[in-house]
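Order as written gives the chain letters A, B, C, D and E; numbering starts at 1 within each chain.
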Amino acid sequence: MDTIQFILNGMMREALSPQTAAVAIAVIGLNIHFGFTGLLNMGQSGFMLLGAYGFAISISNGLPMILGILFGFGAAFIFALVLGAPTLKLRGDYLAIVTISAAEIIRYVGRSALLVDFTGSAQGIPGSQYTTGFRNLSFFGTGSFTLIPFNYTDVADGAAWVRIIGWIVAIAVIVLIVMRFRSGNAFKGIAQSAGMAGLLVFGVLLLFFLFPVPYQSTGVSGWWVRFVAWGLALLCTLVVFLLVRSPWGRLLRGIREDEDAIRSLGKNVFSIKMQALIIGGLFGALGGMVYVLSSSVQPDSMGRSLTFFCYTALLLGGAATIFGPVLGSVLFFAGRIGIKYTAAAYVPDSIMSNQQTEQFSYIVVGVALMLIVIFRPQGILGNKRELRFNV
Amino acid sequence: MTEQQQGGTATETRKAVVEAKDVVAGYIPGVNILNGCSLVAYPGEMIGIIGPNGAGKSTLLKAMFGLVKVHSGSVTLGDRDITNLRTNQLVEMGVGFVPQTNNVFPSLSIEENLRMGLFLRPKKIRERLDAMWDLFPVLHDRRNQSAGALSGGERQSLAMARALMMEPSVLLLDEPSAGLSPVRQDETFLRTRRINKTGVCVVMVEQNARRCLQICDRGYVLDQGRDAYSGTGRELANDPKVIELYLGTLAKDVDEERDGH
Amino acid sequence: SDSEGESTPEASDTPSASESAPAADSFTNDKCDAGATSADTLRVGGILPLTGNLAFLGPPEIAGVGLAVSDINAAGGVNGAKACHDVQDSGDSTDMSVSTASAGTLVASKPSVVIGAASSSVSLNVVDTFADNKITEISPANTAVDLSGYSPWYFRTAPPDGVQGNALGTLITTDGYTKVGFLVFNDTYGTGLRNVIEETVKAAGGSCTYGCKGDGDEFPAGQTTFSAEVSGVLASKPDAIVVLAFDETKSIVPELKSQGWDMSKVYLTDGNVSDYSKDFAKGTLEGAQGTVPGADPDSSFKDRLSGWAEVGEGSALKDYSYGAESYDATILAALAAVKGGATDSATVQKNLAAVSGATDGEECTTYADCVALLEDGSEIKYSGPSGIGPIDDENDPSSAFVGIFKYNADNKNELTTTVEGSK
Amino acid sequence: MRRGVAGLVLALLLAPVLALISSGPASAVDTLCLPGPDKACIAGTIRTDEGPLADVTLTVTDESGASQEVTTSESGKWNVQVDTEGKYVVKVDAESLPDDLDVKTGEVTVVTKFGVTKPALLTIRTADYSATTSKFDELVQSTVNGLRLGLLLALASVGLSLIYGTTGLSNFAHAEQVTLGGMLGYLLINQNGLGLWIGGLLVVVLCAFTGWFQDRVLWQPLRRRGLGLTQMMIVTIGLSLALQYVYQYTVGARTVRVLQDNPSVREFGPVTITNQSIVAMVISVIVLAGVGYALLRTRIGRATRAVSDNPALASASGIDTDRVIRLVWTVAMGLAGLSGLLYALVTNGIKWDSGLQILLLLFAAVTLGGLGTAFGALIGAIIIGLVVELSPVLGMPGDFKYATALLILILLLLVRPQGLLGKPQRVG
Amino acid sequence: MSEQMADPKVDTGLADPAARRALTSGFDAVPGAGKPDPILVVDNIVRQFGGMTAVDVQHLEVQRGLITALIGPNGAGKTTFFNLITGFDKPTTAGKGAHWAFDGRTLDKTSASSVAQAGMVRTFQLTKALSAMTVIDNMMLGAQNQAGENLLKSMFRGTWAKQEKEIEAKADELLARFKLFEKKHDYAGSLSGGQRKLLEMARALMSDPKMIMLDEPMAGVNPALTQSLLGHIQNLRDEGMTVLFVEHDMHVVRHISDWVAVMAEGRLVAEGAADTVMSDPAVIDAYLGAHHDTDLGDDALLTDAALEGMADEVAAEDAEREAEEEAEGLR
């Protein structure tokens, strides 16, 4: 293993992490809010926190998991109703401040020492209190395994050419996939769809070949969690795909542009915005539940910065696109780790200490984020033409 | 087809005040809206631009005013090349512009809107304000009201007044009469003419084509980003081709019908 | 690694006799190679706050780990192989993805032990991951009661709240203060200690006037204005005030002062007992007292810690919180590996309690001495600078020395006494 | 064995233990009581709310009725050593007390344990001791604190509002700009020993320059390229992240203070307030009034509002929008820097995330007053400041003081969606 | 579903000009006159902004199946009136006697969307194109009762695919008529001012309204196109649609309106057939102006006298309003 391999493995681990999937799910919800409907929901982390609390508190109090999930969704549903009923009639900026405030209030209440027996206050709820049921559902067995149990070092003695070819093919596949999406006819017809699916699977397998990542089968951050988390992320993507290419999705985009116009056409704007807020919020809650499956419920971890990360991921991937949220989340988290590890590996100790390197890498992350948005404002998958008018 | 100019203009030796030469311009890189459009205005002239919707009339005005990027061709003001100059610099040079839409500052009061019109020469504000209050008494009565509350026509008046504040030497108007009641339309046209008579060069885009051609010295018909026809106002107004394609016969029909009544 | 194994014991022969600190220039910063795993050597992972809210706790902890590894290697390494350290960022609780990612990286690097995390919240986030992957985790700073016996793979060298809380509560009451007000930072550290101190004070017949359990007067993490809290606590007319906070103390103390509080009636704890000579005007904190678990982390150890920090991290330490605990955590892990004869995590886990003295061994205070005893086949009780007693069956230090400090006119803390407390 | 009692302590796991082992400088404890395997100690300090009482006599009586007497030392401390475990009654001898004292608890029972020093807590008060403070005084004090916080927030939020007003941009990096003010203050005044006033002035100038510079190299080019507002918002998030870590990298993650001295204090009736706070409040009021005047009454102020309404039309009116916006950035950042410096002075410290912690309050203030109206931001900020400081006094749990401010914001928006000073827009 | 798509209009027998003339000649030419078959009845609608009364309509009836023009000076309150009855604004008299009914249905408290659903669809004077959507998406949004706009059904393409096709066909047809077909897949944000106006009108027509309310539909539209569009509107009328429109172009008003209502200073001041109303000296004075038929190119008009005369007319347009404002102020 060399340094590059170490960095790439780190990135791959982060890209596959169930928490990345969880954020991706929340971002999918945010995409419905912000990308498609234009609702400036700055409190997505509040939805996530409520989902997580609903899930974890009910299970740790002995309720079955299915009820926990329902409670998680229920909490987010009520939150959406309570937030939406008064604010969806206001101007967008106000919705932003109301949602961010409401999310913060939830967090403050959750971490209040008064509720220590209920929410665990600042310390939160340890994972061991609610994940057992989920882990017991696993049919992956025990032990640990690597998905593709050999890597390029096993092939031809890890010769450089294997790696180079591997990378060229991987990049070509990615470019191809992105191009098919950009052209907009990625899923027209069965042949196209099958081709795309094949390409995706091939690309993923290739990546696993390039970075073998061993995990526990069922452990707290093992394959089982990953499988479920990413499965849910894909399912959510599919749901959003179905939703937004329908007339309902068209309505959302119409509302994003001008509510009054839509109203004048006899559409109940309020109810549709509410539907969008709820659906996106439910995705957020689901994201929250997945987020805490491999860790613990911590109110502070679902605060403003998580919402900011969600927005960042969304805009990186491309708002109002189908795959943007997933791509953006993966890119954001993996990229961040990539930057951190690169800095740690290549900045000599004589210039910066361990701690300084770490801090420096965050400066780079911040600057990189700025640069990406500046040079690709529409995001990876976004449409630049559309961008010109939403100013 | 572009060179239909005849009469006095062909032998013109006067110096142009504003001139757009073979302007190619557009909003999105790669998509040109104007495909080599030319327009010239001589001192004291009043120029009308008419044409179908989406022909590029507004774009031409914007290109001359530096709001749309000119890809090729040139715009000159007197001797100066003003292609792609920043708008506020043009204003300093005495070019006034009234856009077709979004032509007032909605959250500023009416008076403040007018003050903005003379931003560069604050010393003269009082004097010019008084002049405007005379011209537009309605505005005076409501001078502390925010412009966002005005009706469509009132906004249009305010926009015009704002442009007149600075006593420009070249005035670019984009559909100044749209949304105005008939009497105000007439008044606007006459006032523009009067301003023109004081030596201000006026270039106006109008969909009220008949009226526009009546008062303009020369007119251009724009179609698909090119100047399809040009000539004196009356020539164009009576050109059967222009009538058929651009002016329509509605007004005539209605007038005839009524007269026959 | 075989060849290394040959050479190191020889190297260790020379300094083993001397118990004193090696000269500053002999500190080494032994970072791990990417490929080295616990199969070859003692790989000490770290998940410590390098960035974020608690980043100021990072340097002493890194230094503790680094110095320990340096000392271990100076004494010949573990089972003949050089130990190494690999410290990853734990971030803070506002962005758990950082600690999750670091935990993932650490798990993949197959360490013998992971030192961390500093914040209980972060520990809770990663503890299951380490436990599932059977990696021993030793936190040098977690004090939350809830973490006692959380999992067989989770240990700590910081005594749980009870130890320090009892000591401080007794100190306050023997000082004759009846009504106690608390300025508490709302996280596990603050509320946990508060609960114990409050109980102790009440048991002695005292009472709590502000910031008590169940009042909800804790201030949230990261808050920067304290006028409301200070006004509140003063209005409750306490006889003494306990400040349970970290860095916020720097803002709280002047606020207390400016609202007219007599600073000799202020009590601090390990989170904020440090040298404030550069922060406050002379005399500000004079007479204030505080407790810090750990037997007198005497100045020689601090100097070594700081000396290592200069070599390893490029700058001297400003603060020593949890440095000794980190050091001991690392040494204990190394001794456990020596005792078990292997550097894998399971061996470390199995032998950790034993080398800490749970088996009533012979006391030794340095790695080299302890290794010598172990090689003789005797049971040992490692007793390092953190002054903790043996690890009990909940994987906590059963007891610890608690130093009582008093601030002088220069706002420096001076040790007055050391007491031993247990949970 | 170096520290001898470890084995014994194991036996006493469950009891609170205070074992005196070795003593440092003996001055702190006047006479020592060393509990041992067969010895227990009882100790305490006799003090009133005004200070320790020397030469007070106490009697300690065991269950059998045998008693011993002790006298308190200079520092009011006393202790006795006993050699049986069990109940002891500690009683203060009223005779030995000075007159005019109110003995609340003159007698207390202590259960001793070997190896442990047990406290005996006796409560003695001076006659005029009162256990409560007037709620009114607390309210007045908190109101003043609230105003102070409000004014500081206002300084920062007016800038935020100006930027939002002119460019429509929600600047999430504004908080870091506030932090910058404090950080520069620390570097210039604390580290480099500049005088407070000179240093302060320099801080404001430097911060204003960062505003100018930022606009020059970042925002103006982005505007030119037509970058959308949400995209720009993400850029500010990136900038905010980068700046936070620049502070961590350069200054560190700990709290630093601009001035090391404790501020001197003034009292006005029930209100105690530091001189620094008074000066900060005065400066804020003057600066805010100046900004307000400039916005409403000056040409350039009108120009900023025009640019915010319709930038294209503004430049068609001859306004150099870029210059106006640059001016706004410069002023806003200068104000933020000033606010940060004052904030660091008034709250006694600044940290890499100090700004971040109040960012939401800033946004709340701006929204509460009505988006884009500078005066609204001022009023909003003061309301937020008052709510934050007053809500604990009025019975909210201290945990919830920020939450209360946010809740008030939400409630107000429901009643008055356009904010306090905002105007509703015309439809159609 | 197919039933919903069916043409909602009924044959009123008004396609014949003579029939229309016969019908309108029976109306009283007074403001607020009763109509035999009113589709819209408005009572006591007042809207004040601060002290200023923008709209004060005591009674108005709009006859079903006719084209009614609403004219009046700038600021007369026409747009505000539209806003009020379509639910975009609330009358000051709401709950205090304001009452309006469309097609027999009381609308006093209904929201803008239900007004449109009831069949009364409007356009805006300042256009509201959905910029970041394509022209065809704009059009498709106009259609009513789309199954696919239901959240649950939307996920299943089968439930709405067929309807979608029908709607698209209809949209194509309208786009062609409004000369926007080539722009079908362009973003609406890239349309010119006039094109947006056209798009808005076409979009409103997608919903097959019973009554369409157009706010200055032809302002900014090229005259040649105006002419053909008027033909289209007339066709719609002939198919039974009711049209109420605001317009300042007198040729348009004369050409297509069957009935004209005049507003000034918020009040309904006259009603009648186009010719009658426009020869009313009061209307000419305050609204049309003395020159509305003359050639403005005539230099004679540039004399001070002529301009002053014109200024007087404009002043007259304002005078009554001022008077009213004063009265308002005294009250």
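We take it that a contact is a pair of C-beta atoms (placed from the backbone, for glycine too) under 8 Å apart; a residue touches a chain by one contact, two chains touch by 3 or more.
What you are looking at is a predicted structure, and each value in this text was computed from that prediction instead of being measured.
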{"item": "Topological distance between chain C and chain E, in contact steps", "value": "2"}
{"item": "Shortest walk length in steps over touching chains, chain A through to chain C", "value": "1"}
{"item": "Most centrally placed chain, judged by C-alpha centres", "value": "A"}
{"item": "Inter-centroid spacing, chain E versus chain B (mean Cα positions, whole Å)", "value": "27"}
{"item": "Whole-Å gap separating chain B and chain D, where each centre is the average of the chain's CA atoms", "value": "60"}
{"item": "Cα-centroid distance, chain A relative to chain E, in whole angstrom", "value": "48"}
{"item": "Interface hub residues of chain E, defined as touching at least two other chains", "value": "79-80, 88, 124-126, 190"}
{"item": "Junction residues of chain B, two or more chains touched", "value": "27-28, 149"}
{"item": "For chain D, residues contacting two or more additional chains", "value": "245, 248, 397, 399-400, 402, 427-428"}
{"item": "Residues of chain B defined as touching chain E within the complex", "value": "27-28, 50-59, 100-101, 137-138, 141, 149-154, 156-157, 175, 178-187, 189-191, 193-194, 197, 207-211, 214-215, 233-234, 244-251, 253-255, 257-258, 261"}
{"item": "For the chain A and chain E complex, residues of the former touching the latter", "value": "239, 242-243, 246-251, 253-254, 256-258, 260-270, 272, 275, 279, 385-386, 388-390"}
{"item": "Chain A residues touching chain D - in the complex, by the definition given at the top", "value": "34, 86-87, 89-91, 93-94, 96-98, 100-102, 104-105, 108-109, 111-114, 260, 304, 308, 311-312, 315, 319, 356, 359-360, 362-370, 373-374, 377, 387-388, 390-391"}
{"item": "Contact set on chain C toward chain D in their complex", "value": "51-56, 58, 166-167, 169-171, 173-179, 186, 200, 203-206, 211, 215-220, 222-229, 231-232, 234-237, 239, 247-248, 250-251, 253-255, 257-260, 278-281, 284, 295, 318-319, 363, 365, 383, 387, 389, 398-399, 401, 406, 414-423"}
{"item": "Touch list for chain D against partner chain B, complex", "value": "299, 302-303, 305-306, 308-310, 312-321, 423, 425-426"}
